[in-house]
Structures are given as structure tokens and as C-alpha cells.
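Paired with subunit B in one complex and with subunit C in the other, subunit A is shared by the two complexes that follow.
Right, the complex of A and B next:
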């Protein structure tokens, strides 16, 4: 874990800033164009969730290495209302925003690893990893 | 940031060349509908060759603009969706069914031609 970059998500434009930074880091780590698109799209969804539901949070990027693999870890952290029922938001098609956002199941499919922690009234933390193939 | 809309006979041509943020996308939706109204265009091609990322929001805006234009009486074709974008959209769970598409601008114009019988 040597490089770490962070984008604060407070306004709409920060969503674009986060995905641009993520794409740049993914490109430098050696991801191909399809994986770059997957990572960038996942970042966009995570950032939009923060903007829509939590109003304020941050997304940070780390280069990760394990044995023979290297990859990118994308973490989305907010101090929003938190999620009451985690299993419900991980169901395909569940939405509280009337169809905006493909939701977290989509993000999980785009990335290789996906972890979510949430506490009502405190916030949500989502950690995702994509490995270079 | 405004996306330019070009008129060609009865058609409107749009090539999206910039990174689409939410505001630009919504502005574009509004601009296109106004332009259809003013020019009485019957067909629209939106070329996405240069677009590297379509997330769920942008997909919704694009899908909506197709339906809205349809309501007004103009057919829209989306063209040039990149392989990486197509893969990402399906994996994300966005299927954009009922949205007319074509491989490139040329095929898109051909499709409009056939559908509108002009």
C-alpha cells in the first residue's frame, strides 16, 4: 500500500473528479481498457450513492499487492444515515431513488472483491478491489 | 458545458465528445428536445464513439431522451457504443432494452432511413 489518493464527494462534479482519478490510477497500474471502464463505472456508482444518500463522504484509491497479484482498492466512506438492511440493498433491482443508480449489486459484479459495513446513524463503508489480470 | 447539435436535412446529429457529467447530460436532454421541436426533425443520431464511461445515471438520461423524442415523433438511434462500455453496462445490470442502436454513424443513418421510410 504505497500510493493513496482521495476525492471528497460533496457536489455533483466530484463524481466526475473521482472517476477521472480512478481511471488514471487504473491505467497506470496496467489495467486494460475493459477493466478501466469497469473500475471507472463502479467508482461513478459509489460516488453517486454518496452524493444522493449521504451528501458527504470520500472515495479513496490505493494500489494493492498480494503474492503475485496487483490491483486497485477503491474505498467509499461516508458519514450518512447508514443502511438498515444490508441484504436488501444487495438485491438486484432494489432502489429507494426511483431507478437512479444500478445499485450495489452492479458494483459488486464489476469488481473482484466487495465488502460493505454500515451502521445506522453513523455511515457506510464499502471496500472494493479489482485485480490486474 | 453544452453538447453541439447539428442539423442535416430532416435529421439531427450529435457526437458526444466530452466526459459526461450529470448536469451536461440533463442539459443535453433539454437542448435536444427543444431542437427537435424547433427544427421539426424526424430522426436523431447520437454517436457515442468517444464516450468511455456510461454509468447508470447517464444510461437513464440517454434511455429517457429516446422515449421523450419518441413521444414528440422523432426516432433516435444511439451509435458507436464501445465494446468496454457495452460489457460494463450489461454487467452493471443495465439492459437499455427498446433503445435502437447501430454500429456507427453510417449504419445509424441507414437505420433511420429505413425506419422512417424516406
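Right, the complex of A and C next:
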């Protein structure tokens, strides 16, 4: 497995490709069925956000290791409009109220680590990590 | 074994038992174990996974198509799990907000507590119960040095926190007036200017302001668009509506009010209220104003505080213990 794999998101089917690659990597790293499904759902959500709001971006995967843990790092990066109010989009019930899905709080919950940076007019970068239990 | 493993063990055993016997007892066990799952925050996808593991243990030869279909179900559960977690968080938040409002309501109660003064010739009873935690009704009683008594009853249109906030303004304004020197119409006019300057145009306040002066034996009053109360005339044993005209507070800074007067004698009563009393509902129907009087008549022989308490209890029960509006009722009984 490459230590870094990447999927460009431009059309809706690319979301499926990102899911597939992420699931494969997660499986090989030794994640159980439930966590595989969670990671995949998080990837889906990140990829969908790019597809819906940024038009273009990419998702990449890396195997990461700390002293005792193995895990997967999923990074979503786009050159879209950026997010003005990060606190608002990270608020529970904000994005889900319109039926848009799990939203970013959902991604944060599905993964173990979550970080987001965004600049209006430039783009957004979200870095998430899930550790093998 | 931690609780999770223990639950997994139990689940497998129950499932095994059920498949063999189709016994209701095993289903009861399933009900119990699902409650433990909820208590321990086990998400739906984990339960599906548990089921898959249990199936594989019971049927090691499980058809792989069945297994794939179970994985499909697991995938479909992930979003439910997220929605459930979000629901939990929102429930906690709601609890926080509720307790904040609870504290605010307690502060409001302390702020608005006015002791009901003891008077020689007037027996006074007041009850004020909010529909929600915060009260949008207001009452204020002051005893003058000359033995007079002033009473204000107000209804802030709109309920809840905004109403409660404007109420403290009314209290401080009223406290600052030299009430027993001023006539009731002058008090409403001053209060109207305060309200007009300080509150949102979408809100307004109705108020009934009354004074009883023992030296004249007269009851003086003015109204700012408030729900009319009633006089009870003991000689005729009849009720009449207290008529008083006046614009609600806060609409126009130049509004003036009229002062009315009524002589009262021993046995007479003055009944002041807010629309939470007259707009009680029986099912979907509003009660008639006369019905309030009938209820008052039933308890009229009691001391004033007892009357208002009993009337409240009557309407509370009539509305299945769910008030739709803040309820304030005051009764002044001339006893000497």
C-alpha cells in the first residue's frame, strides 16, 4: 500500500471512489467492520462537501503511526469558497436541520481526531485521524 | 470481562435460546438488553455488528450472502448512530437551557415578591401563576402611610423571557414614583412614558392601577387597556364590570388616562385579573366571563386569599393542570 493515496473529487461518482479507497486502506490497517463503516461514512461526508460546495478538491489517505497506535489519516482539501463561521458549521444541529446529513460535527464524531482550517475565498482543509482499537 | 463483552455474551445466549424455542421469555430478555444498550450508549451499528458476531458463533457455516446482507445493514445504521448522538447532545443542551431559565425564574420571583400588606378594613388576596417558568403577569401592592392601598395588575403581551425582562423595568419605575401622592391616572401616564422609551415596539403592556383610600371610603382606578375586573355590590348581591378606558402602555408617549372612582361599603368586593383568568379553556372552548363570577360566588364567603386560591385550583383542574396563559387574580374585600 502506498503511504499516501489520493482521490480527486469533481463529480458525484468520485465520492464512491474515495469511499472505496478509504475502506480498502482501513481494512488493510486492521480496522473492524464497524470502524470501517464509520471511516467510510466520514469520507463520504467530506467528499460530498467538496462536491456540493467547492466543486473541486481532493481527499487523501495516509497510514499513520504513533508510539502504540496505528491509524488512518483522512485529509480533505479544496479550493472552494471557504467557510466564514467555523463555530456555526461545527455546531450540532446546524447542518443536519436541513437534512444535509451528518455534517462536520458528524465527521468529528465518527473519527478520533479532527481539525479544520478555512479561509474565505481560498478554501478549506480538514484533517481527521482514526486509530485502530 | 467488561460490560460490553458481557452484553455480547448475553445477546448471543438470548439469540441462541430464541432461535431454538421461539420463547417469549427470550424476547423479554431482548427488551431488557436493549435498555442496557441504550443506557451504555451502544450505537445501532454496534448492535448490528453484535448480531453478526452472534450469528457467526451460532452458525459457523452462515451463508456468506447472509453475512454480506448484514454488513449492508450495518452500513445503513451509521447515520442513525450519528443522529442518535446528536440527539443526545441536543438533549443535554436543552437541559442546560432549562436549568438556566429555572434560575432566571427564581430570580424573577424574588424580584417581584411583594408582601401582601395587612389592612384594617380591606382583606386582600392575590395569586399569580405563570403558564411557563417565567411570568408575564405582574402585580404590585403598596400600603400608604395614611392607610391607603395601591395595587397594580399588569399583563405584558408576549410570554416568557422577553416579558419577564420588561417586567423588572415596570417594577423599578413604579418603585420610583411617590405613589400615594400621585393619582392613578398620573401614575399610568408616567409609566406609559417609561415603557414607550424603553421597550420594543412589538411589545406592549396593559395595566390596571387602583387605590383605595379609607378616609373617603372610595376606590380610585385607571386602566391602560387592561382586561376589565369586577365590582361586587353586597347590597344588590350582584357583580358589575369595572369600566375604564385607556390606551395600552408604550404606544404613544403623549397618552393620557382618566381616573374613575367608586364608593365601596362593607361586604363589597373588587376583583382584578388578567386575561389568563377569563380566557381559561374548557377543551377547545373559552369559558364565559360569567363563569369566573359563578366560581367566585361559590367561594365568596371565604377570606380573600382563600377565594383566589380556590378559584385558581378550580380553573387549574378545568384545564387539566396545564395553564395556557399566566394567571393572576386579586380580590379586595371590604370587611369593615
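Simple rule for what comes next: the second predicted complex is superposed on the first by the 128 of 133 C-alpha atoms of A that agree within 3 Å, B and C clash if a C-alpha of one lies under 4 Å from a C-alpha of the other, contacts with A are read in each partner's own complex, and residues count from 1 in each chain.
We adopt the following convention: a residue touches a chain if its C-beta (ideal position, glycine included) is under 8 Å from a C-beta of that chain, and two chains touch if they have at least 3 such contacts.
Note that the structure is predicted; figures quoted are calculated from it, not measured.
Superposition of the two complexes onto subunit A shows a clash between subunit B and subunit C. By the document's definition of touching, neither partner reaches A:89: not subunit B, not subunit C. In the superposed pair of complexes, A:25 makes contact with neither subunit B nor subunit C. By the touch criterion defined above, A:12 lies against subunit B but remains apart from subunit C after alignment on the C-alpha atoms of chain A. Once the two complexes are overlaid on the shared chain, A:37 sits against subunit B and subunit C alike. In the superposed model, A:48 lies in contact with subunit B only, and not with subunit C.
By the touch criterion stated above, A:111 is placed in contact with neither subunit B nor subunit C. Between subunit B and subunit C, more residues of subunit A are touched by B.
Only one of the stretches 81-89, 225-233 or 243-251 belonging to subunit C has C-alpha atoms clashing with subunit B in the superposition, and it is 81-89.
In the superposition on chain A, the residues of subunit A contacted by subunit B and by subunit C overlap at 33-34, 37-38, 40-41, 92, 101-102, 105-106, 109-110.
For subunit A in complex with subunit B, the residues that touch the partner chain are 12-13, 15-16, 19-20, 23, 33-34, 36-38, 40-41, 44-45, 48, 92, 99-103, 105-107, 109-110.
Here subunit C touches subunit A in the complex through residues 45-46, 49, 52, 71, 74-75, 78-79, 82-83, 85-86, 89-90, 93, going by the rule given at the top.
Put simply, subunit B touches subunit A in their complex at residues 19, 21-23, 52-57, 60, 82-85, 87-88, 91-94.
Within the complex, the subunit A residues that touch subunit C are 32-34, 37-38, 40-41, 92-93, 96, 101-102, 105-106, 109-110.
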